[in-house]
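Each in structure tokens, the structures are laid out below.
Each of the next two complexes has chain A plus one more chain, namely chain B in the first and chain C in the second.
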Partner chain A sequence: MVSFANVLVNAISISSLYAIVALGFTLIFGVGGVLNFSHGALITIGAEASYLISNQTNLGLHPALGVVGGMLTAAIVAAILYLGVVRFVEDEPVTLLILTFIIGFFIQHAVRVFSSHGTGNFSVDQVTPGQTDIAGISVFNIDITIFLLSMILIALTGVFVSQTKTGKAILAVSMSDKGAAIVGIDARKINLITWLLAGAFAGIAGVLLTMKNTGAWNMGTQPLILAFSIVILGGLGSIKGSVVGAYIIGFTETFTTQYIDSSLQGFTALVLLIVFLLVKPEGLFGREAAE
Partner chain B sequence: MSSQPRAGTGTEASATGSTVLTAEDVQVSYGKVTALRGVDLELREGELVSLIGPNGAGKTTFCDTVNGFLPYGGSVTFRGTEVGSVPRDELVDRGMIYCTEERDLFGFMDVEDNLRLGAYAIDDESYVEKQLEFVYDLFPRLEERTDQNARSMSGGEQQMLAIGRALMGDPDILVLDEPTIGLAPVILDDISQAIDPIQEQGVSILLTEQNVTFALDHADRMYLLENGEVVKTGTPGELRGDDYIRETYLGG
Partner chain C sequence: MAEESGDAGGNSGRRSFLKYAGAGGAAALAAGCKTRDRQSGSGFENTADGGNESGTEPPQPLSGNTIRIGSLAPQPDSFPIGQSMWNSTLMAVEEINQNGVPGIGGRGILGAKLEPVSGNTEASPGTALEEFDRLVQKEGCKTTFGTFLTQCTLQIFNSMKATETVHITTAAAGPKPARIVHERYDEFKWHFRAGPINSYDLARAELEFLDIYADQLGWDSVAVLTENIAPLDPFAELLDESVRDIVSEVPVFKRSSSGTTNWTPLFDEVESSGADLNLVAQALTGTAAVKQWSNQNRQFEMGGIHVPSQVYEFWEEVSGACEHIFTMNAVTPQTTNTPRTQDFMKRYQKRFDTFPVYSGPIQYDAVRAYAQAMAQWVLDNDLEEIPSNEDMVKALEKYKFTEGIVLPEVKFTPPEADYAHDPQWTSMKETGVPVWQQWQIDREVAEDYGVMHSFAPEQNKTSDYTYPDWIDYPSDHPANQ
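Then we have the complex of A and B:
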């Protein structure tokens, strides 16, 4: 029987990963108005890149290089997606929705077809293996790493957006396209930056998720669906909302599957999504709810 | 490149100054609907030119066009450069600053952040600080509300913020699209009093207005736009004496 403390640690760790996935998802939506349904595929790409870099049957390099490599690869793929596809249909939300969905689908299946693991799971050595005793509880070091890295990334994003000129330009574009244009902000440059960031976040989440559990060609689908629930819950476009939402969803999900029934995976998130859409459609920290 | 402040002394404000903006035979259509049918307009150094006309005449379309937001036929040159040939952010960088009718403020940012973003294209920090002071002197209400979010301000305060943000971009030309629309008379006075100091910075102004009295008070020259065409042009003195203007726009 797993102790309550271990379930708690697991919930924190998984919520931390959801938070950085949702953060990227909400950035792209808030700034460019794009619901990026290829976001899940970027998670798979990050994981796959780390598998190629760090798994012993492949290059077998240090897992830390897998983390960096996974992050960079997903960021680059996201940038290519923006520059090669999204930028041309920016003003057509339905086309974008379908296109990003198809591209995400295509990428995941390409990984399944062309990788050595196919439909099987794959593993990557943990960047911080082993366990540590904290107040009598044995905690996996990878969970600690996930929590700390996630917190650092979220904090850095917060500082970047609120304190730097480029960060404020990102906020400006998210609040008013025309306002941003008339002060001389090039929205395409700002969009590219958000896609790079979102790709990097999805990529590192994919690597860490693989290190925590295992990886698979379709591993991005579940986090994508959850990210969707998270950002609705937290308020579309809100950074704070996506973090708080991730913890709510992550905790509900972990505790439901642990103590009620493991077949309920994904179910509670959808219930929460429906409840919020009916009761508080602008989310916890949605812009319409501010002030 | 744009970090060099362009603010002048205002002495160049004469009707014989060089031309900063020239529109020749400008045509704009939205699909099958023609919004501008061959508009000619000239804005000279230091001038305030007002484009008046009823709702739907094409005033905002003209402003959008000279600021590079719409494809057009004919020619629009800003200090010799065809505006359609350069990216919008470069137009801003060169001092073509647009204060839209919708204001397009950053609603969830405070007054100071809005103003500082107005100087997004400016690299000269000392200019930004100096101009911020100028804007606060011009609109003391903004200085009393530096931490207030733009969206929670009154319409008049938002208009002051929109003009202030435009001024932060070190305008060579300031395009003011209907700044007085929907404002209370007391706020109208505040906006009115800001115009002279802005001109004294050496800024040439293109002002569109439905409020013909306001335009007559401030303009050096005026164009009357109706149904996408310039139907009359002249100085305020000339237009005040025009029967058609008097009857149609000044209530007889």
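Then we have the complex of A and C:
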């Protein structure tokens, strides 16, 4: 029988990873009102970049550089996406939704076609390999890294939004872009910053996911669905709700796969998504999905 | 060379060949003229190896003909299983065109030139059917070889029947095609499988392997995780019936989801059960499992049927994390299944700068066995034309092929067998197949790359089994002996 402590550690690790994914997804929705379905592809981009930087068959650099490279590459691709596509159709939500959906698939398939691993999986070395004993429980160092990094990113995002001038501008645009414009805030610039941040979060999540499990050209699809479930559950556009939602989904998934059936991986999130959409469409802390 | 499986036919085979050989002198002048004509138009290259073992110039009754054969492989330009199939087809065809069929010699199949045509199934049943129809109806292929995934094989069954075209499967192990041949022989006798042995036999081989080696290697407690996909059903069924009779304890017996990406919960369960070995059957999820097993330094060994590990590039893909992982395989770059295996592996590696997956050697054997059966049928029946497909079914049923590189002897099971037109297989111990391959580091073979050694069965053993150095074994464990 697997010890409860082990299951708890697994749940915290996976929830932390989900929180990073959901944070970027909810930022873009909260500020720009865009359901960014290319968010999963940005996860793949981050992972692929780290593979090119730190896998021994490519540049073979230190895995930490892979984390930074993955984060920056995904952020740059997200910015290009905003500047090259999104800003032209910002006022057409249906077109925007379809476009991000198609671009997401396009990017993932481009990785499949042009990368050296093709349809196969790929891997990178862990930035913190090995295990550490904490209170008699053996914990993988990569899980500790994921948890700490997730906490740092959540805290920094909170501080950034509430304490800095740009962060407050982001809040203002998320409330009303017209109102923000009246007080001299350039909504386009704020949207660009938001896309950059969201891309960076997706990139980091992609790298960590590859280090924890492995990567593949379509690895972003499942986290995208999870992110969608998480922000519906937590409340669309709510950072706090996304973090709480990530932990609810992560814990539910880990406990059901561990104690009921391992084939339920990825299934429970969808069940929760349906239940919340029917029973509490505004989520725990946010606006109603139907708004 | 091809031999008849029954005694009655053996003499007639020899008689007809001797007749041609004896007639060689009388026909020499005319043959000389014809040979010049043929060579200018056939595309055959002159080599010194065209004669047969007795040094007699073999007969060329099919000269002037071209026989097109199709290869149905998934992504033959990029996917290792498909690449191996197509590359091996090219090698087999070139060798036959230059040196004739094994044991008979000459050029091509008794003078007929082989021409390979590539079809890409994309590992999709629908595409496999389209490509089969294209190869047969538009490209004029007389027969086809290949198909990876049993669903692809089954999808082309009706077209095989409609066009009366022989198809020889080389990369799908599902038992259903052979069962259909048995049950509806007149309609579907066109299907043969040169390998791999069908999945029920593979499952039996796995039990045989455990029976012989579990105790020797220190596997008292074995956890079984079988990926939940249809081709692995026979393994799950047979293991569920019998594995508990072989090892002392089976604390975990589960079908793992084919969508599993995070193996930590399952590995926690296996590790906490105290299992010595995690016996897996994995096709789609194998890479993630290996990487996590190695990264997490799990306290159990792992192996079984691990499809990704059968690919030479896997070592690179997982940065060596597959060291100590073992898998069933048909052949490895190191093994000597037959006296011809290593020669083939070396030539393949020299030409393509990699080693083939199991599908390549099997397809190579299939093409050569087909060519030899045709040649033998022509000689035995004094033909001067290419045999019909109906006759080729009889020929493939009749002869056995003893020039292979995977199995020492390829003989198809008869129509009355439960699984008809499958490769005959008795046991791992008797045939030496399947081999049990383990990724190891061996500096004598490769300085900076893993080696696909085989530790079982005895006749194909190239190295001892190795144990992960991060596992704490008791002093009396075989790892410390």
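For the reader, a short list of remarks on this structure follows.
Note that the second predicted complex is superposed on the first by the 284 of 291 C-alpha atoms of A that agree within 3 Å, B and C clash if a C-alpha of one lies under 4 Å from a C-alpha of the other, contacts with A are read in each partner's own complex, and residues count from 1 in each chain.
Going forward, a residue touches a chain if its C-beta (ideal position, glycine included) is under 8 Å from a C-beta of that chain, and two chains touch if they have at least 3 such contacts.
Here the structure is a predicted model, which is why all the values come from computation and not from measurement.
Partners chain B and chain C fit side by side in the overlay (superposition on chain A).
By the touch criterion defined above, A:Asp186 reaches chain B but does not reach chain C.
Shared-chain residue A:Phe147: touches no atom of chain B or chain C. When both complexes are overlaid on chain A, the residue A:Gln131 reaches chain C alone and has no touch with chain B.
Taking chain B and chain C in turn and counting the residues of chain A each one touches, the greater count comes from C.
Geometry note, superposition on chain A: angle between chain B and chain C about the Cα centre of chain A is 150 degrees, to the nearest 10. With both structures placed on the common chain, the touch criterion links A:Met175 to chain B but leaves chain C unconnected.
Contacts of A:Phe285 after superposition on the shared chain: neither chain B nor chain C is touched. After overlaying the two complexes on the shared chain, residue contacts for A:Phe25 are found with neither chain B nor chain C. Using the contact criterion defined above for the overlaid structures, shared-chain residue A:Gly266 touches chain C, although it does not reach chain B. By the touch criterion stated above, A:Ser3 is placed in contact with chain C alone, chain B being left untouched.
No C-alpha atom of chain B lies closer than 39 Å to one of chain C in the superposed arrangement. Against chain B, the residues of chain A that register as touching in their complex are 165, 168-169, 171-172, 175-176, 178-179, 181-186, 287, 290-291. Against chain C, the residues of chain A that register as touching in their complex are 1-3, 6-7, 10, 13-14, 55-57, 117-123, 125-126, 129-131, 140, 142, 212-214, 219, 222, 254, 257-258, 262-263, 265-266. Contact residues on chain C toward chain A in their complex (touch as defined above): 78-79, 228, 254-257, 259-266, 268-269, 272, 287-288, 291-292, 295-297, 308, 316-319, 321. For chain B in complex with chain A, the touching residues are 67, 69, 87-89, 92-93, 97-100, 102-109, 113, 116-121, 149, 151-152, 165-166, 169.
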